[in-house]
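Residue numbering begins at 1 within each chain, and the chains themselves are lettered A, B, C, D, E and F in the order written.
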Amino acid sequence: MTTPYSNPSYAVRNTFLGVTNSDPSSDVCVAGINFDLGTSNRPGTRFGPDAIRAASRMLYDGQNPFSWVNPLDKLKVADIGNIPFPMGQLEKGLEAIADQTGGFKHLIALGGDHMVTFSLLKALTKKTGPLGLVHFDAHTDAWPTCFGEPWGHGSVFRRVIEHKLVDPKRMVQIGIRAKVDRDVYDWLLAQGVTVIWANEVHCSDPIKIAERVREVIGAQPAYMSFDIDCIDPSQAPGTGSPEVGGLWTWQAVSIIRHLAGIDFRGMDTMEVSPPYDHAEITALAGATMAYEYLCLIAKQS
Amino acid sequence: MTTPYSNPSYAVRNTFLGVTNSDPSSDVCVAGINFDLGTSNRPGTRFGPDAIRAASRMLYDGQNPFSWVNPLDKLKVADIGNIPFPMGQLEKGLEAIADQTGGFKHLIALGGDHMVTFSLLKALTKKTGPLGLVHFDAHTDAWPTCFGEPWGHGSVFRRVIEHKLVDPKRMVQIGIRAKVDRDVYDWLLAQGVTVIWANEVHCSDPIKIAERVREVIGAQPAYMSFDIDCIDPSQAPGTGSPEVGGLWTWQAVSIIRHLAGIDFRGMDTMEVSPPYDHAEITALAGATMAYEYLCLIAKQS
Amino acid sequence: MTTPYSNPSYAVRNTFLGVTNSDPSSDVCVAGINFDLGTSNRPGTRFGPDAIRAASRMLYDGQNPFSWVNPLDKLKVADIGNIPFPMGQLEKGLEAIADQTGGFKHLIALGGDHMVTFSLLKALTKKTGPLGLVHFDAHTDAWPTCFGEPWGHGSVFRRVIEHKLVDPKRMVQIGIRAKVDRDVYDWLLAQGVTVIWANEVHCSDPIKIAERVREVIGAQPAYMSFDIDCIDPSQAPGTGSPEVGGLWTWQAVSIIRHLAGIDFRGMDTMEVSPPYDHAEITALAGATMAYEYLCLIAKQS
Amino acid sequence: MTTPYSNPSYAVRNTFLGVTNSDPSSDVCVAGINFDLGTSNRPGTRFGPDAIRAASRMLYDGQNPFSWVNPLDKLKVADIGNIPFPMGQLEKGLEAIADQTGGFKHLIALGGDHMVTFSLLKALTKKTGPLGLVHFDAHTDAWPTCFGEPWGHGSVFRRVIEHKLVDPKRMVQIGIRAKVDRDVYDWLLAQGVTVIWANEVHCSDPIKIAERVREVIGAQPAYMSFDIDCIDPSQAPGTGSPEVGGLWTWQAVSIIRHLAGIDFRGMDTMEVSPPYDHAEITALAGATMAYEYLCLIAKQS
Amino acid sequence: MTTPYSNPSYAVRNTFLGVTNSDPSSDVCVAGINFDLGTSNRPGTRFGPDAIRAASRMLYDGQNPFSWVNPLDKLKVADIGNIPFPMGQLEKGLEAIADQTGGFKHLIALGGDHMVTFSLLKALTKKTGPLGLVHFDAHTDAWPTCFGEPWGHGSVFRRVIEHKLVDPKRMVQIGIRAKVDRDVYDWLLAQGVTVIWANEVHCSDPIKIAERVREVIGAQPAYMSFDIDCIDPSQAPGTGSPEVGGLWTWQAVSIIRHLAGIDFRGMDTMEVSPPYDHAEITALAGATMAYEYLCLIAKQS
Amino acid sequence: MTTPYSNPSYAVRNTFLGVTNSDPSSDVCVAGINFDLGTSNRPGTRFGPDAIRAASRMLYDGQNPFSWVNPLDKLKVADIGNIPFPMGQLEKGLEAIADQTGGFKHLIALGGDHMVTFSLLKALTKKTGPLGLVHFDAHTDAWPTCFGEPWGHGSVFRRVIEHKLVDPKRMVQIGIRAKVDRDVYDWLLAQGVTVIWANEVHCSDPIKIAERVREVIGAQPAYMSFDIDCIDPSQAPGTGSPEVGGLWTWQAVSIIRHLAGIDFRGMDTMEVSPPYDHAEITALAGATMAYEYLCLIAKQS
């Protein structure tokens, strides 16, 4: 239907950035993954993808005021919908997700709980080998088990490292501040992981943090995983395991904007839980992180 | 993407009943109309269409337990998205909507404020002539003006009758209970309109109410307009002009189910305002009314 | 400021029914009483008066569709603001309220917790002697003490009867359903109080309930006290001591409408707690009860 | 700590009815089961037990105004806390729950999603053999699979019947109204299950419904399973799969009160999802159903 | 009514700072403007004025701890209520507002959407000529059109500059961070507008920002327009077009406090949308900005 | 019940940090004080203790990532429940609390409104004599009266100083920013109290603030009182008297962590009001402050 009217944000269809393209062979595909069986506290991330889509419509119009890019002008972007998986089955679900997410040129996944990143990296590394990892999070997610179980979002990066999906020497965690046993932390350091505590970001400058990240990651292929609980609970209440004292969105956005040069192959925004959100602010934060990532790769493309 | 997995409700795409068809020549088209400039109290109905779509996914699976019909098995149903219109312009907006909604075989419109029904009827009656009207509402919407202005959702059915879009002798209002001046009410009666007060429904049986409606409407073409504020504020808090003492959803559903035989040509569900909703219950009520209407016409088709 | 524009509800000043008159010698005065020290469960009724005022603006325009009266046409109504009292002092507060509320021609009080009714009756009965009482509530409020203390909203009608502010033989409680000790109930019956359980209303007809109330009250002066928790928690979530299975607003409205003939001398709407309300539905219910009472006395004046 | 002060509801410890006893050999044990992996729509029932406990404190004081019983005077009641289970593991979780819930004299379980009832019945029927079942629900929960998977709350009563945990001829479902395929419904009828639709309750009298239930169940041992979505979404918004047109709490309470004579051996209140609740009204409804059941068995003990 | 009791905040009447004066010839008048037809995303600002008034009562008592001024001691302040306008009519509404707001000595307007500022400046500049402008906002609001329409809150400052209501060389925008096309930004720079990005504030000191603002504005008459979305969504969720990464309230307050010396002639606080607020924090932020402005001019008077 | 399963946070019992110990002779006792009669604005702190307990379960597992201590490994910690007091009686309630809180080895009290600190200090100083005080707050709470009354949370520290419960020369207030009369502030300075304004914290470094606090307090016994409104309303909306521009949780946590060496004898977390909270973020902030205090004393023990 062609009309002389230009729809305001609220009347745009609720896909990511309002795109109408759903071609899976596009330059960048956005997919929802409504999987949340790995959640150890408040649930709800199954509704994350739709909430992020709806909020992203605030961002569909105009250029990024840092890079002066409108990503939709530079890249063919598709919203390919949600990835199906068997209900209630943790391991089979993780496999189903891995089976279906390897074939895209460049995938931005909207979660879902953080356990899903294991599947995404498993699928992606078949093509790339072990990746560098820029990991925003309040938690190391590196416990040997998650409340006694091997699979769960509290142990996902232990599993990711054990399965050699990332190169721990090229892995950096930003925003860490949650309770963690000293031996878990020591294990991470022993693997070569770089941990940037939330307070380090508060007492420094995002541009310098970005510099440090770029040094750790280097020139080889890398991945970005953004757990929204990296952000402070006031700006991201809609998540399952909030921790006080988190990063500010302006800091996270600024760090992402200054990661130009990294060879990113994929990204995810995880742990947005709409039932605990208010006025869409968490969904908007999640959408903004995916949008800024998209601008970053659009600028370089 | 074909997969062996059957998506649970929460992972279905948020179109009406999760349909993937968007062909405007389908048997029935569902369209969102995010227009709300006629609202005289609490705003927010611009977000009604998406909220009704999301909630409708609860209803996509299984048969209607009254008519034992799954409407998607009997009719080709499309969700054609939202109708564009110029922002902030009441009269021009109403015209734009009328211009774009006349060409469908059978339209179910999701509002938006009730003023929109004027445009929908204007477009539809070009093909049908004056229609019978089954009008669920807490308000007669028949004031000569709406707070001094000719256009506004408080005077829409005055305008509809004046423009001969409906035949007032074949018009019935169900659920009326709001404050209204006696001369407004007398004007309606003088036109031949049948008014069924909310308390009459509470003290009667929905099947008998439906009988009375069928008698008023008769065999000629008709339209159903469902203002969600017909329903009690406890079941439909998400609306702009709530009035205590409203119909129960079970009564409204039962009335609709017993309207078989009426020659319906279109329907709208109006005044769902998500910012005032809680736990999606208003959106679900709105979605259910559209779904029951769809089952009604599917059964007859 | 005189203008050619007629303000829609949302732009009317938030006094009761939007009245601009605040003359304490008016026919009917509406006053807020933000006192809530007698609350034994969830607090918040100190904000009840303003919430009821704001919601009442939905009702300022048009005639009552039962009595075809607009009360503002028949009576000079004032909103005289809130009654001051010393903060944090239960007994002194009750006295301060009694001291300041005896001088009005006819007072509609907006609470505040139900303990306040003691003060209102104490002030009013100085002029009238013991009153008949139409008391809507989920609770008898007749415990000998309220969690061990003599003053508290759980024992207010014990106190009221003991102080001979009402004539228990002309007192009827409607909507009762909460847990209560048998001996408390027996004490009420022994005093001559009539108790109409919520289920009796559900299984009867409001007009018959009203008839029974009129018989109990008779022709002498009477008072109406409306505790919003009389209404079901779905329609009145914004209150401190909700009990499932309550009266419906349509039943309560219908009962009030059929109390014509009773010689009412005052009324209160109590226990509206905005922090627990949603979409103003409780405040609207409270405002509607006060409005219907006002219509009732306007019709008779 | 003994003190002269009697704590008001809000200061009572948040166990079920505020009991301090946690002895597992008590007459009646209340246990929380925070398991929700079988949920096919909105999550959150893992927080159901604590929300029901908190709300139940409104009910700890006074006698039931129908049976004039205070259950804590007649029975030794314990709140034994929450049943542990492995995180994220559906089948293993169900087994763990079954393993731990068979040893109580009489168990009232607070869910959790409805899949849990399978485990509870599996444990209980080891002692009792197949049970009669009074099942309140909006859904038959009798689909052959739940979105393609054998385990899930949409197919739990199919599994329960297949495993002969209940005698379908002594099973009655009350409040059914959700979409369901005709062959699923026919299968239920073929098994001998009695289905009482929600509208039958609306158009009848709860006492007659109770009579019919008692006839179906007879004198042999039975179980009550209360899915809170049996209740209308306005009174129970805090649940995952709401359906409009549900039972009223007063109807459900009245039905339970009139089930005296049935030989109940256990009960559960399921599907309370606090993230979707408002002002605790769903939790209060759930607590009230467990409380009324407790009064029923206390009266008979 | 004189009483010995001093009302706590919650019992003060809900005018701005609880003032009882409504004389339009006062030193400073506060007016609500419930106009929101220019809103391109989430609505609700029609309820902004009352929410700001209610929240302002927290500020009515005591002195400003920076300037040690209580503005009510230094200036005669009136709350003159809401400005009427025709419902649903964008252009006519803007004219009506301009017609009615030119006659005050000094006006603080509470919006309403930002389009209203056009009318306020149109009225005010008849007396003052083009003004300097201190404009707090997340958006430049300088698009040539707002989704294709000339009038809308996204293009208001384009219109304001085109109509020469401000002198762009004496105009500074603070807090800008939203998506904007490069040519829109270049147009602003070409006009001479000073843009201070949100990140500049985060990486600087509010006192230095204030210095820069004072330099731009100079000694001639000026106006302050405060769009609440200048503030971060965590501190101001209740607005229509939130953007992550906003200013902190402490920064904004500090900037305003250090603007002494500017010859302000009026101020507005816009875009507070109560339906999206939580716990009144946005309304309180809006009220605080108006209060700090009032203290600023009181100190200088 | 011993099981092989380790309960995730959401299934842990809702005591402080999930402890099962309730022995009042433990090293540290945590008690709830549901007293809120001293509240001059929004109520609700009576529900603070339970909300803090529920949120604290997020913190029960793992070590503090600053001090690498798990306090439950170093200290015997008990949650002894709530302190009873007579309902509705301000002075008698304060006495009752003082009477019951003097006997613990080390008490962490969860409020409740700030008036309660008077009782806690009265009880504690019987053993210690006048204490040093680390007082986090938005308000000085030093008004001569609270809206005309001697007792109220706005004058509590005036009373505390007058009763010589603290040594004002060893008292420091952190986060102050609310309106206050100059003479109240001057009185504080004259007593020797150190006031650290919120903006000083924003423009400084928490470690330096902590240094200053340690200097003021010195080596003698001290107490910490944490009013949650010290924190910004975005991070702590759930409180009664919010003030914009507050401390960030990361700053407060960092200050507490650097107070090692102070001889603390007790602590309270006050003014958490759950009805105004969202997604538990205020309760989590309150729980975190008590947790960090506990880690501080555990590290030193």
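What to note about this one:
Here, a residue touches a chain if its C-beta (ideal position, glycine included) is under 8 Å from a C-beta of that chain, and two chains touch if they have at least 3 such contacts.
The shown structure was predicted, so the numbers you read here are calculated from the model rather than taken from an experiment.
In summary, the chains found to touch both subunit A and subunit E are B, F. Averaging C-alpha coordinates per chain places the centre of subunit C 39 Å away from that of subunit F. Averaged Cα coordinates give subunit B a centre that lies 54 Å from the centre of subunit F. In this assembly, the C-alpha centroid of subunit B lies 36 Å from the C-alpha centroid of subunit C. Taken residue by residue, subunit D touches two or more other chains at 5-8, 10, 40, 42, 46-47, 86-87, 146-148, 232, 234-235, 276, 278, whereas all remaining positions touch fewer. Across the whole structure, chains are in contact as follows: A-B, A-D, A-E, A-F, B-C, B-D, B-E, C-D, C-E, C-F, D-F, E-F. For subunit C in complex with subunit D, the touching residues are 40-42, 146-148, 176-182, 184-185, 197-199, 202-203, 232-235, 237-238, 241-246, 276-278.
Within the complex, the subunit E residues that touch subunit F are 4-10, 58-59, 61-65, 68, 205, 232, 234-235, 248-250, 253-254, 278-281, 284-285, 288.
Note for the complex: subunit C touches subunit F at residues 36-38, 40, 42-44, 46-47, 86-90, 146-149, 151-152, 275-276.
Residues 1, 3, 5-8, 10-14, 24, 32, 34, 46-47, 50, 54, 80-87, 96, 100 of subunit A touch subunit B in their complex.
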